[in-house]
Every structure is written in structure tokens, then in C-alpha cells.
Amino acid sequence: MNDFKAAMLNYQDRVRESFYKQGMMVHMGADVSEVRPGFCEVQLPNGLQVLQQHGLFHGGAIAAIVDVAGGYAAYSLFDEDDGVLTVEFKVNYIAPARGRKLIARGEVVKPGRTLTVTRGEVIAVEDDKETVCALMQQTLMRINGRDDIKG
Amino acid sequence: MNDFKAAMLNYQDRVRESFYKQGMMVHMGADVSEVRPGFCEVQLPNGLQVLQQHGLFHGGAIAAIVDVAGGYAAYSLFDEDDGVLTVEFKVNYIAPARGRKLIARGEVVKPGRTLTVTRGEVIAVEDDKETVCALMQQTLMRINGRDDIKG
Amino acid sequence: MNDFKAAMLNYQDRVRESFYKQGMMVHMGADVSEVRPGFCEVQLPNGLQVLQQHGLFHGGAIAAIVDVAGGYAAYSLFDEDDGVLTVEFKVNYIAPARGRKLIARGEVVKPGRTLTVTRGEVIAVEDDKETVCALMQQTLMRINGRDDIKG
Amino acid sequence: MNDFKAAMLNYQDRVRESFYKQGMMVHMGADVSEVRPGFCEVQLPNGLQVLQQHGLFHGGAIAAIVDVAGGYAAYSLFDEDDGVLTVEFKVNYIAPARGRKLIARGEVVKPGRTLTVTRGEVIAVEDDKETVCALMQQTLMRINGRDDIKG
């Protein structure tokens, strides 16, 4: 196995190891479905613990998973010893979030030594129909010499 | 009991009735601690289901409760038949969120027939120390003729 | 000339007619370089009146042209009698904005009867090099029965 | 004159010296009307170069002055050798901006070694009536060892 592949596996392991330590993500039932350099996808199945009062996914659940997807997208580009912190994000809700699961995608638009900027979207999957239900723009900060996400 | 007081109790009941139907808020352990016209406060005790991997409150939990606090602050000013929808919000994380509970406060800055704008903040309570850990700015939309929050 | 083409020319005329009435855009030296349904591009040549103290384009100029580009992207999809109002926008500055001109692009991501959501970016053109210097996410409101942009 | 007062005058001079080098602010006709530690106020008189097509202040002018007010609010707390950069900001337009002048106020909510968070508002002054027409939330970055604003 070459060094590049080793590094690749390494950051994927790091992302998942960190993710599964997040009590909130685990209790929500969220999972990391894809990690690539500068990209992370999180899925969230339907469940009472992530709904609002009309049986739609809760806006807070949508915000939580797309914030996390953006955070790990940034984290995937960092050195092993660095942590990541969400500085701020903004989310627009653009369609009702109904269906059997959500898919949140975060992507790095501008990596940086101190700050990284990502964009994200959340897709609601209902039967075979996919609807973009939220758009996100986010600023993250690299924490030198800490080995995990902080946000 | 005069009409004004009746209306006051009424909107407080409406907010709480709506809140307790939100599976996500209930599972997180959040509660509405105060509702006044144009203001809502939500509290969230510490618990594994709202933490990230370092024992701090999860950024997603912070975003969720301050979005909800802002939403009900707007909803408290609406007619009985109107619902409220979060159009968008932005949150800045300004301090680590540690302690025994969070207090999220949402306040209407600009009420409107169609759109309402709020600001919010989240306070981390640790022993006797209170620290503002997040700032929020939010846009909400009134949904005529529906009787509940939608976001 | 068929009806579709007539409508196309019509909205392009409407955008330009509105744009040139904006004292600020004219004084800045900005111009509309492209309008398509759901898309608008605004260009801004370098000039003292749009710079900050280091000879870079001013953040305020960047914000102004990308707000306008997003606004007209939405407006291009509206009926002739409707106006558009910026509800809110957020901009991330991701690189120094130097060069001979800026190109701001706004694109509708979610059109709507009441609210429209766009994303935008600003590109700094320096010799032959193009650098994305800002990212924008924006909410707009349709104003029924008014025939112009309001923001 | 004691050291504190000297430092105060010093940062006020630094803010004004930097401000007047901004071609955009000067051409718009904006001026710094107040600087205190963690606070800056910018005023903008009515003029064709800051209007949109209906004789209201342009949203871009509003965004520009409140971004600058927030930036100098942060800058006022920095060491003499530090510069400031706008990372991002978000603005909500909450009322039509008409009148003889605008007053933009920026205030530091959370100072920091690397990042500073501010909030701002813009007030439209029409005869004797003052109306808040915009709300802002902003993230700024300290640039060590540079002596001016960068944004």
C-alpha cells in the first residue's frame, strides 16, 4: 500500500472515529456515508428523534448534519494533529424536508491555513424523488495541535 | 380574566403545545422556559444525546434550540391561525459550550406581515458562571391559515 | 420574432433599464454583462471609487455587486409587474480582490412565489488570472404589482 | 495626558487615518462619526452615488458602511501593528432606507486573539424620525504585524 492510499485511509478513519464519538450524531441515528478529500456526506434516516411536529425532519436536525458534513469536509484536508471548529454557518431552508432519509453534503470551496470555507446542501429522499431542502455556507477554523473536531 | 390576559395565556399554551409535539426537542431534553410577546427562551440540560466528542454541547444542538427559540418568539406575535417557518438563520459560535445546561433566547427585532426578523443568543451555564456561546440572526415567514410552526 | 424571444428581450431590457437607474451602480462604474433566466452577471472595473486603502477592491463594492447580481437573477424570472427586494444576504471573503475588474455572478437556486434563494460568487480578474474572491448566499422577496427592484 | 488617553487618541487617529484612505468611503461621502473601544459609527449623507432607482439608499451602500463600522469596531481593540480583515458578514434589510442620512453602528460582541465577532445596525434618519433599516452579524480576523484594515 502506497503512502497516499495510507494517508487516505487514515483521514477516513479519523473522520469516522471522531464522528462516532459524537453522542448527538449517534442518538440522532446519523452516519457518515462518504468521505473524500474536501468532501463529506452524512445520512440521517427518518425517526421520531429528528422530526418536528408535522412529521417533517426538524430544521435543527438539518442544520446539525450539514454543519457536521462541512466540518468533516474541512477536517479531511487537515494534518493529523489538527482539529476543526465551526466559526459560523448560515442555512437557508428551501423545501419541506420529508421522506425516508436526509443526505447532507459538505464541500470545501476555499481551504486555508487558518480558515476554511465550505458550502453544503441537504437532500430529502422520498421514495425515488430527491429534493434539495437546504443550502449552507460555513466558515471553519483549524486548531493546530489538537487532533479532533471541536464544534 | 380580561381579554388581553386570555390572549396571553392562549399564545403561551399554543407555543408549548406545539413545542412538545417536536420529537427532536423532546428527545434532546429541551424545554420552553419562558414565552413573552416577541420573546422565547428554551433550556437544554446536559446529556449524552446533545454532546459532541469532547463533552461540550454539540454545535447542532446549539443551532437547533436557538432556531426554535427565535421561531416561537415570532410565533408568539402571530394570529391563532398562522404558522411560522424558518426561512434562514446564521449562527456564530463564540465560546466553548460547556456546563450543566444551555439557555437559548430568541427575540423579535422586526415583526412583519410576511417576514419577521429575530436575533438570538445561547448561554452556557456552568456552576454559577454564564457564558454567551453563540449569536444568531434569523428570518422567519408567517404561513397564513396554518396553526403551527413548520420549520 | 416569437413570443418567447420577445419575453426574453423584454426581461433583459427590464433588468438593464432598472440597473442604469441605480445611481450607486453607475457611479461605481458597474455594468450588467449578462442576463439569462435565473442568472445575472455584473462587472466592475477597477477605479478609486471602489477601492479600499491598499488598492484592493473594497469589500463593500464586492458585496454591492454580488447582491445586485443575485437580485436581478431573481428578477429575471418574475412577471413584468413584480419587483424584487433583498431580504438578506451573507458574503464570505475568500481571497484578496485585486486586478483590473471584478465579475459578480448571481444564480437562482430556488425560485418561489414569495421568496427566491440565490447563490453568487465574485471573481477578481488580474491579467489572465481569475480568482474567486467572495461567495454569497441570499434571500429575495417578490413584491407583487411593483415593476422594479427595490433593494 | 495619561497613557490610557494617549492610547485612546491613538486608536481614534488610526481608525480615521485608515478610513480616509478608502477611496470608496470617500467617494460615497461617508464619514466616521464616533469611535470608542469596541465601537464605531459611520454616517452616510444622502447623495445620488449611494442611491438605488427609487431614491432609497442602495442596499450595497448599507452593507458597505455597516461592514466598515464593524471592522473598525474590531480594529479599535487591536494592537497598533495589527490589521483587520472581514471574514464574512450577513445583513438583513428590515425597512426601506429613506431619509437625509444613514447611521451605521458596529459593536464588538466577542473580541478574540484571532477572530472577533461584531453586530451592527443601520439607522435611516428622516427629518426627526429614526428607523432601523438593517441588522448585521460579522466575523473579523486579526492580521498580525500589519498596521491597517484589509477588508
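Each chain gets a letter, A, B, C and D, in the order it is written, and its residues are counted from 1.
Assume contacts are C-beta pairs under 8 Å (C-beta built on N, C-alpha and C of every residue); 3 or more make two chains touch, one makes a residue touch a chain.
What you are looking at is a predicted structure, and each value in this text was computed from that prediction instead of being measured.
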Pair joined by more contacting C-beta pairs (B-D or C-D): C-D
Most distant chain from chain D, judged by the mean position of its C-alpha atoms: A
Approximate Å spacing (C-alpha centroids) for the pair chain B, chain D: 30
Chain centre separation in whole Å, for chain D relative to chain C (CA means): 23
Shared-contact residues (touching 2 or more other chains) in chain D: 87-88, 90, 92, 117, 139
In the complex with chain D, residue positions of chain B that touch it: 90, 92, 94-95, 109-110, 117, 119, 132, 135, 137, 139
Touching residues on chain B, where the partner in the complex is chain C: 87-88, 90, 114-115, 139, 141
For the chain C and chain D complex, residues of the former touching the latter: 18, 21-25, 27, 47-54, 56, 58-61, 63-65, 67-68, 85-93, 96, 148-151
